[in-house]
Structures are given as C-alpha cells and as structure tokens.
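The following pair of complexes shares a single chain, chain A, combined with chain B in the former and chain C in the latter.
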Partner chain A sequence: MEELLAIFSITALSSVLAFSAPLIFAALGETWSERAGVINLSVEGTMMMGALTGFAAAKVTESLVIGFVAAMAVGAAMSAIVAFGSITLDRDQVAIGFVLALLGVELSSFLGTPFVRIPGVAVRPLPIPILADIPILGPLFFDQDIVTYLSFILIVFTWFWFYRTQAGLVLRGIGERPEAAFARGVNVIRLRYIYTLIGGAMIGFGGAAFSLHVILGWSYRHTANFGWIALAIVIFGGWHPYRVAMGAYLFGLIRAAATGLQSAIPGVPVQVFPLLPFPLMILTLIIFNSDSLERLKLYLPTRVQRSLTSFLRSTPPAGLGKHFEQD
Partner chain B sequence: MKRSFSPVAVGVAPVLLALLVTSLIIIIAGAQPLEVFLAIINGSFGTAIKISDTFVVWVSLAICSAGLLVTFRAGQWNIGVEGQIVLGAIGAVWATRLFEGGAPALVISTMLLLGMIAGALWGVLVGLLKIYGGVNEIFGGLGLNFVATSMTIYLISGPWKPEGTSSVSASKLLPNEIWLPTLEGLRVSPVSIVLALIVIVLVFLALRGTIWGLELKAVGQNDRSAFVLGVPTQRILLSAYTVCGICAGLVGAILVAGVRHQLVVNISAGYGFFSILIVLLSGFTAVWSPLIAFFFAALGIGGTALRLGLDLDSSLSGVLQGVLVVSFELVQGIRQKWFGGDN
Partner chain C sequence: MKVTLSHIHKRFGAVHANNDISINVEGGTIFGLLGENGAGKSTLMKVLSGFFAADSGEIKLNDQVVSLSSPADALEKGIGMLHQDPLDVPPMRLLENFMMGVRGFLQPRRTAESSFRELCQAFDFDLDPHAFVHDLSVGERQQLEIVRLLWLGVETLILDEPTTGISAPQKEKLFATLHQLAADGKSIIFVSHKLEDVEVLCSEVAVLRQGVLVGQQNAPIDPAGLVKMMFVQEVNLEERLNVDLGSTFLQVQDATMSDLRLKMEGVTLDVKAGEVIGLAGLEGSGQQLLMQACAGLHRIDKGAIVVGGQTLSGRPYQEWLNAGVAFMPADRMAEGLVPGLSIAEHHVLTRYRRDQEQDKKTIDWPLFRKHSQEKITEFNIKGFVDSTVESLSGGNQQRALLSLLPKKLRLLIMEHPTRGLDIESVLYIWGKLLKRRQDGTAIIFSSADLDEVFQYSDRIVVCFGGQITAVLNTSETSVEQLGYLIAGKQPPADLREENV
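Up next, the complex of A and B:
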C-alpha cells in the first residue's frame, strides 16, 4: 500500500509530468491531424524514427536543437506520405498509416544498429529561478527541463489555437464539414496537408523527446508501443486538447503505479508490469465509450448530466478519414 | 485523353520503386545494395535447408493471410490477429498439459483443435467489443494483443515455468513424440503445408461461391444497407472474426507443434502484422495472397542471412516489405487518379 501511495508524492508526480511529455507531443500532434480530418495511423513508426533520428542527429552534431529539428523533419516527411496517399490519391488512410507504422519500426531497427546503447547527449534540467521554490507547484511545474515546459505550453497553445483563433475555427471546420468550409472559400486540401505535416512533426518531436529526455539513448524498438498508446489517448481524450493531455498523464500515472505495485505483489512475475498500462489504458477507453456510462448518466440530476455530457463527449470529427475532392 | 498503364507496369513499377528506395536505405547504412540483395536471395533459396525454412514461414503467413482475407472482406481491420496467434500457441501448450503422455496423434490433434478454439475466442472478443462496447476494432485488437503477451509472460514465468530453471524465456520443451513430423533433416513439416493448402482453398471457395461470402462482402461494403436488406450484420461480423481467429489460432498451434515446440514470449514474431501487409499487397485476393506470402517468407528467411554475412540487421527484409506495400499503394493511387485506371 505504501508503494502505491508513494506515487502521489510530489517528486513522483513531477516525474510523471516529465515522463508523459513525449506522449503529450505525439498525442496532441495526432489530435491536430485528426481534427483536420486526417487519421495518421503511422504514429508508432513515426515516433520510433523520431526517437532514432533525434538521438543520432544530436549525438553526431552534438546539438540538441539539430536533433529535435531533424526528428521533426522525419515526422513531417512520414506524415507527408500519409497526406499524399490519402488526400491526393484517395487511398485507404488506415492502410497507408498502418504500413508506415510497421515500416518505421523496421527501418529504425535497421538504421539504428550503430547507435544501440551508446552514450549520447540529453536534455538538461532547467529549474526556473524563484518560481521553482514555490511549494508544491514549484517542483511540479517549474523544476523541469525545456521539453516538459514545451509540453505544458503546447497543451495550452493547442487549446487556444483550436478554440480561440479564426484559423482554429477553420481547422475544426475542415475536419467536421469540409464541403461547407470549401464553399466558404477555404482551400481544404492545402490546409489538410499543412495540419497533417504539423501533426507529424509534433509526433517526430515526441519521439526525440523520448530518447533525449525520458529514456535516454537508443535501443532496439526504443519507443515500443508508445505510438499505439498515443493513438488510443486521442480517442480517450475525445479530440479535445485538455482531455488528451489528461489521458497522457493518466497513462504516466498508471505506469508509475504499475512500477510501484511490482514490489507490493510478489507473486506476479516482474516482466508483466511494464506491459500492464497498455491493456489498462484500452480498458478505460472501453468504459468511457460504452453505453453503460450513458445509462448510468440517466440516474443523475439533469444539470450534472449536461455538464458531464459536454465533458465526456467523444464523437470524432464528422469528416475524419473521409476523402474530400475539391473541384 | 487519359493514358492507361499496362498491367505489367502496374505490377513492376511498385517493385522497381521499392528496390530503388531500399537501395538508398542500404547505401545510407553503408553497404552495397547489389551485394545485399544477392545475400537475401542466396539466404532464402541457396540450399535445401533454406528453401524448407522458407516454407516453414510460408505456412504461418499463408494461413494467417487467408484468415485476414475474411475479416477484410467484412471491412474489419483485425489488428488483433497477432494476439489470436499467441492464444493459439497458448491453447496448444495447454493441450499438451491436459493430455500429457497420451497417444501422439491424439495429443497433436488436440493441440491443433484447442489452438483454433483459443484463437477463435480471442477473435470473437474483438468483435464483441466492437459491437457491444463501441470499441473500434483496431484499438480493441491492440489492447487484446498486449493482454495476450502479458498472459504468455505470466504463464512461462509462473504456472508453466520449467522445473529447476530460473530462466523465464520459455516453457518446457515438448517431448519429441508430439512434434509435427518433419522431412528428413529439414525443419518443414508436410502436415503443416497440407493444412495451409486446405485453409487457402477453403477460404477461396467460401469467399467466392457461398452466400456467407456474399454477406461478408455486403457488410464490408456498406453495413447499413446490408442490414436494411436483411443481412444479419452482427452475426456476420462475429463469424468473420471467428474464422480469422481459427486461422490465427491454427498458426499459433502449428508454431508450437511444428516449429518452436515450446511457448516463448514473442512466438508470433509479427506474422500477423506482416500478413496484413500481404493481404493489402494482394489487393485482397485469395489467389495472390499465398504467392505474396511465399515472397515475404523468402525475404524473411533471406534477411536472417544478413546478420551473419554482412553484419547488417535482419530487419532490412521488413523494411523492403514495408516499402513495397507503400510503393504499391502510391502507384495504384497515381494510376487511378492520373491515368484513368480502375480498380
């Protein structure tokens, strides 16, 4: 029990925030893409290639900036294939994304051999003076490194862009009703390309954040399964930036709890625990999506029902994955 | 006036594109493309042993892609196929524990049977989650894949741990009598090849000449109108998952009875995922997928030679397969969009 409670200590929570940062980038990147109407199923492979590229480029050039930029370029390039295949050529988005997911994994294994388990560079902690000394909030939000700060900023920025800017309104429009947006004079295809590439770059950044910030270096299938989880988190988060972020943090928390439980339940083999968060995450997804939750809601007072409905709303953008032809 | 591609160009263009891209990747990795390709060919067809190894892999890929043809026909992305293979393997090992010391023929048949049942159950679960839980089959399947892996790890490091070892990488090696009989000096078992051929023919006939095959197609193309026209949509979906699960479970059972002879953590080795690529590349046809499966099997076996001969990672064959499918998708799309080709 103590082990379980320990994950709620400030240090533990602070490391959950740092650990979840790569997932924040990947899941929010996917949210940008899907909100514009394009499912980029390649996240698993894109993150893997981002992690390898980021680490390798930073190691060779001894520059973290170049590492992250290279990872973003690779992520954008992979999403460009998804965009070209699905937006321009009208091929099955899921098919192209899935193949790229496998391809990215295999390619990272092939090209990554020289970089396996060698020391490299890493993002250094960067406590913000004065703010870091605030009790509780300080260690959580101001005693992190630049990657974690950026993940915080991206969450708020994504929300702001989606819901407080004209461009964000258009972004949501091309994902929900591309015909209507096009009738209003929006170049749907160009914008879908742009947002898919931006999303892909974020996913690549998430991969680099993994190898340069969370689990340092490169090993065979370094980010295994995190891309799939990022995809699940987007659905869990109902395509809303704050809820997506919560999903990523929930995953970090479950993972920390699983590690904590390891010593608490001696009967179960140690190797099972690192895998547990993945089915658990999917299970949560099922509960949130199922009708039983809807039925349960009916027993609550109307006011609670209404606010709960708007919070738990998780319908995908109406135009998600659908081909759009503009003439 | 739109020009059209000749059918030969449609087949050859993706292959050339894939070879070109893969050559670039090989050069980036600091090796000679020609040397690498020759090593792969040599590694898959060089000796009788290697050809037989290619057939061992072919059996898994061919049976699995036959099953996936069924779920794809019903419009389902059965990514859970990987876990269904694992469950088949678990079922097979379980059978050996139930009938320990029984007549070999009986034990082997039970292994295959229990494997198929376990795979089918795991497949139906994906369908049930989709129909009653509203969970997209891709995520339901992925989740169940993780659960299957966790189960394997639990079994081989817990209840099925071999006595007297501290190793947690495999269950006890099965006694020789209950291995699928193989050809003299080779690893391939004729029984498994016969099983694969039976599955391929059955799936081909079922998709082509039965009402069930038509109903699958109706559900896959438009489940709403299929439902309105009186097709029992949910039952058809579940039947598709059952059949694919049976095929995947059979693969798992064959992997235990004929290849690994024990339960190991990564027993399916990605066969399920690569079978999805095979089905995509075959254009969802039952005639082409066994042939492409053979090509993929040869690449896979040839790839393992790279590590020994050229000090390159064997994942290059996976890269080549992936690049090939991406090229195929893009070339098909370009042909349809700009050259007026049809499907």
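Up next, the complex of A and C:
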C-alpha cells in the first residue's frame, strides 16, 4: 500500500508530468489535425518513426535540436500522405491512416536495427533558477527539462490558438462546417493541409520526446501502443486541449500506479502490470464519456454551465473525416 | 446597389439550369424570384453570390461589370447570401460565428460584441452573443446571418427560401427587417416558391420555370397571373378517355394529419376505383402529407382512412400493401430505388417472397434474371439486367420503378410521377398508368405541371396552406380558375359562372 501511495508524492507526480510529455505532443498534434477535420490515424506509426529518427539523427549529429527537427519532418511527411490521400484524392482517411500506422511500426523496426540498444544522447534537466525552489510547484513545474516545459507551453498555446485567435476560430470552423468557412472566404483545403502537417510534426516530436527524454535510446517497437493511446485520449478529451492534457496525465498516473502495484503485490505475474494501464484507461474513458459530466453540469449556475460547455463537450467536430469539395 | 444580370447561362451536364436569364434589381427595392423546386432560382443566386461561375453572361454592380470568383469575393463586393440552411457553425457561440473569417490575429471580442449588440438592437433581434448556435431556431439563425452580413458591409442581400421552417411571428419580423433594409437603400433579392410571401413583400417579381425566365411583374402583384407563369406551358386538352368508375375504394373520413411543418384538419375525400385524382397546389401545401397518409406511410392523428371497406388507419404498412396500395415517391433515388443495386437485384428485393418457391433458401437467379429481362422489354427500359439503377437516365429509372409494382393494384399514389422526364417517357408512363386505371386501379398523383393535372385527372384536389380548399371536376374547371385557387384566392364570380 505504501508503494501505491508513493505515487502521490511530489517526486512521483513530477516524473508523471515529465513521462507524459510525449503523449501530450502526440495527442495535441492529433487534436490540431482532427479539429481541422482530418483524422490522422497513423499516430502509432508516426510516433515510432519519430522516436527512431529523433534518436538516430541526434546520435549521428550529436545535436538534440537536429534530432527533434528531423523527427518533426518525418511526422509531417507521414501526415502529408494522409492529407494528400484524403483531402486531394478523396480516399478513406481511416484506411490510409491505419495502413500508415502499421507501416511506420514495421519500417522503424527494419530501419532501426543499427540503433538498437546503443547509448546515445539525452535531454538534460534544466531547472529554472529561483522558481524551482518554490515548494510543491517548483519541483512539479520548474525542475524539469526543456521537453516537459515545451509540453506545458503547447497545452496553453493550443488553447490560446483555438479559442482566442481569429485563425483558431477558422481552424475550428473548417473542422465543424467547412462550407460555412468557405463562404467566409477561407481556403479550406489549404488550411486542412497546413494543420494536418503541423499536427503530424507534433506527433513526430512526441516520438522523439519518447526516445530522447523518457525511455532513452531505441529498441524494437520502442513506443509501443502510445500512438493508439494518444488517439483514445483525443476522444476522451473531447477535442479540447485542456481535457486532452488531463487525459494524458491521467494515463501517466495510471501507469505509475501500475508500477507501484507491481511491488505491492509480488504474487501476480509481472507481465500483468505493464498491460494494466490500457484496460484501466478504457474504463476511465467509459466513465468520463458517459452523460455523467453533462448531468453534473446541470447543477451549476448558468454562467458557469456556459463557460464549461466547450470544455465538457464530447461530440467530434461535425466535419471530421468528411470530404470537402470547393466549387 | 443596382444589380444587373444579363444573359446568364449555366449548365450541369445535360441540365440547362439557367438559360439566358436577365434580371435587373434596383437599389432600395425588394425583388422576388419565384419558381418551383428545380426551376433554377438557387443556381442563379449562387452565380450571383460567387459559388458558381456562369458558363456565359455578365454581372454588373452599379453598372460596372464584375467577375465574382468566390463567395468571399462576392462578399467583398457587397453581395451576401442567406442560405436556406444558414451557413453557420452550430457548435460555436453566436459571437464566434459573427467574427469568424474576419481578418486579424486576436479575436476582436469587444468590438464585435458591441457591433453585434448595436445591430441586434437596430432590428429588434433578441440574440445572446454568448449562446450557442445549435440552441437557436432557424429564424434566429437567419437573424444572426443577417446581422453578420450587414456587419461585413453587404449592400445586396440574397435570401434563399427564408420563410421555410420559421414561425409566423419570426416571418413577420423578417419582413419588417427586409422593409427596413430596403428603406436604407439596400437591394434585397427574395427567392421563394411561396406566392403569398412574394405578394406582400416584393415590389417586382420574376418567375423562373425549368431554367428559363418566363415572366416578370411589378407591384401590385397578380397572384393568378404568377401561378400561370409558374405552372402552365400551354394547355391543350386532348380527348379524354371515359372510364366507368367503380364503387368507392378509398375513404378519408374527417382525418387530421400533421408533420413538423403542417397540420391538416378535417380532411375528407372519397376516391372511386378507376378514378384519377390530381393534386394541385404550391409546393408544401399539404399534398405530400395527404398522399403519404393515404398510402399508409404517415399515421393520422384523428379520423379514419378506409381502404376497400377495411379501416386501415393505424394498421401496419404490410396490411396496406396487402390491400393493394402502392406509393411512388418523388425522390426516386433516395426513397424508391437502391443505388448500387442492379435492375435484377431490385426485382429480387421486391418479388423474392412472392415469386420464389417457399422452400428455396437461396436466390433463384435464373428465374429472376428472366423476370427482369421480361420487365425491361415490357417497360421499354434502356438498360440491362445487370445495369445499376443509378446508371439509368431519369426516365428509365421511373420506368424501372413502375416495373417493380405488383401486377394487381387497387390504389396507386405517386408524387410528381413525371418530374424531370423527357416527353416520350411522360407519354409512355401515362400510357401504362391509364391501362392500370382501366383495370380498376385508382390513382392519386401530385404534379407541378398543370397541363398534366388537367390532362389526366377526373377530379382536381386543390391544397393551400395545409387545407383542401377545393375539389373540382376537371371537365368543369378552367386553368384561370385553378390559378386563383392554388394562390389561395377565390376566383372572380364571372370566371366561376363562365365555366359551370
């Protein structure tokens, strides 16, 4: 039991925040893409390719920046295939993405052979002076590395872009009702391309964050299943950046708890624990996506209800996955 | 702003949606564009609002020739369109809809909100900028679009069927708004198939039919004249077959029926075996509801429908089919046929239980291919057993649909049986239908073509605003008289006497 409670210690929570960073990038990247109306189902393969590319490029050039940039380029390239196939050729987004997911997994295994289990570079901790010494908040938010800081920034930036800028309004518009955006003078097709590529680059970055920041190095199927979880988290998060981030952190917490349980109950075969987060995540998704949140909202005053509406909504963008033809 | 369209042509494949249309709308006026569904009104307005490029023709704004490459381009030149289904984003807030597409980095929340409130106040709209669009009624969504377009500086406002689906008080408010806008010097183009709206609102009306501008009128508007323009090409009555009518087959007894838009009360109608009833009226006056109720597809609220002596209202559809009732919908591909399936497969679908020996578990393909081939020959369908139905032309689709009807029928109900068909198909189909009536099948059909109604029906049932307003013997009725009734007016006394 003590081991289980230990996950709520500041150190443990701090490592949950750091550990979840790759998931934050991947899930938010997918959110950008889906908010614009394109389902990029290739997240699993893209993360895997990003993880390999990031590690390999950083190792070869001995530059972390090049590693991350290369991973973003690979992520954008993979999402470009999804964008071209679905937006331009009007093929099924789900089919293209799914095949790419499988391809990315296998291709990374094939290409990654020379890099398996060799030491490489890693992102170094970067405590922020003074702020890091604040009790509780310091270790959680200011005693991390650059990747974790970027993940915090991305969460807030995504919210800001979606809900406070004109471009974000248009982004949501092309995902919800492209015809309406088109009538307002928006080049829907170009923007869908741009946002799908941006989202893909974020997913690739998430992959590199995994191999350069969480579980260092490269091994066969290094980021296994994180891509699928990222996709689930986007749905759980109702396509809202804050809720998506909460989902990613929840998954990190559940994973830490599973590891805690492993030492608490030594009788159970060890293979069970790494698997545990997945069914637990599904269970949480079911509970949170039922009407319970909506019903809870009804007890709040109207003003609060209203500001919560976009946060609590769980319907996908209305134009998600639908083809749009400009006349 | 003065808007001039000259010699606009627009084709979609074989359909000539706009054929040499020229209209002129002066600033500060409300111009009505009238016509039935598919007359080409929406196409013309989409050309003017930049959604489509015309194949040929010229658009002038204030006597300057312009080219409109996109809706945004048209908007920049001062032309805004309010679509039948308003082009807004329902999951967003009103204010977000209002601001979307305006240039800038940050959302101009403050300025947008104050402009929004000012405009709403000017037109007495009660809209909350922080509410969500999906909680609004269609009328309120129109109001939102109107203030949005005005904020963007629209000088010419096009409204496409704006009175469909809004309440009476909302309609009143809309009309008041449009008068106010016209008084401010804006030009309004009001697209509608509803005569009564055009009549009270517009100072000038143009009528389109089948892509052609068939006539224009200035206020005061003469509704009977407009009806004639909308519906009648040229009435030439041929010799009509006299068929001995049988006993009463269908009785609608004081029935009340309603759908989302319409409520028809106290409907009473008797139809004899072998009789042909034509339903006339403006689109949406109740013909569709009445036909669906008589076909057993729409449950009535009150009263009774008796078919062949049995009260069938409220009974399962299968019993209506067993009683020999059949329905042919207007939208052939959506409700009548299954896209992707071949003619033979359609025969399997409709006749499987009837024709195949009961103990066979698999489809007897040779049998059904033979059936289908016979039907294709019999109904002169240009297509093959394996042709998918969507590969057939409209006329052949309609023939295919007819070929699927059971041999023995007592009552056949058809929405627009010949809409959009070439003349040869029309004659062929009516030939088949008249043969059925000689066998004692009663026929009820609706049509937007008064020629057709006069040509084939024994009696004409006129619907207006959800009521049956007249039941006329075709032989004692004139086109003029019917024109008045369709428009919801009483024909002048001299016209009535003349024809009795």
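One rule holds in what follows: the second predicted complex is superposed on the first by the 305 of 327 C-alpha atoms of A that agree within 3 Å, B and C clash if a C-alpha of one lies under 4 Å from a C-alpha of the other, contacts with A are read in each partner's own complex, and residues count from 1 in each chain.
Note that a residue touches a chain if its C-beta (ideal position, glycine included) is under 8 Å from a C-beta of that chain, and two chains touch if they have at least 3 such contacts.
Computed from a predicted model, the values in this text were never measured in an experiment.
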After lining both complexes up on chain A, report clash or fit for chain B versus chain C. fit
First (chain B), second (chain C), both or neither: which does A:Gly85 touch? first
Under the stated touch criterion, which partner chain does A:Ile128 make contact with: chain B (first), chain C (second), both, or neither? neither
Under the stated touch criterion, which partner chain does A:Gly173 make contact with: chain B (first), chain C (second), both, or neither? second
Partner chain(s) touched by A:Val94 [first = chain B, second = chain C, both, neither]: first
Residues of chain A touched, compared between chain B and chain C (which is higher): B
Could you look at A:Val272 and tell me whether it touches chain B, chain C, both or neither (first, second, both, neither)? first
Taking the superposition on A as described, I'd like to know which of chain B and chain C A:Trp228 touches: first, second, both or neither. first
After fitting on chain A, the minimum C-alpha spacing between chain B and chain C in angstrom comes out at 6
Residues of chain A that touch chain B when the two form their complex: 41, 81, 84-85, 88-92, 94-96, 98-100, 102-103, 105-107, 109-111, 113, 225, 228, 231-232, 235, 267-269, 271-272, 275-276, 278-279, 281-283, 285-286, 289-291
For chain B, which residues count as touching chain A in their complex? 25, 28-29, 77, 79, 129, 132-136, 138-140, 142-144, 146-147, 149-150, 153-154, 157-158, 168, 273-274, 276-277, 280, 312-313, 315-316, 318-319, 321-323, 325-326, 329-330, 332-334, 336-337
Going by the contact rule set out above, which residues of chain C touch chain A in the complex? 51-52, 70-73, 75-76, 81, 83, 87-92, 96, 99-108, 130-132
Going by the contact rule at the top, pick out the chain A residues touching chain C in the complex. 164-167, 169-170, 172-173, 176-177, 179-186, 306, 309, 313, 315, 317-318, 327
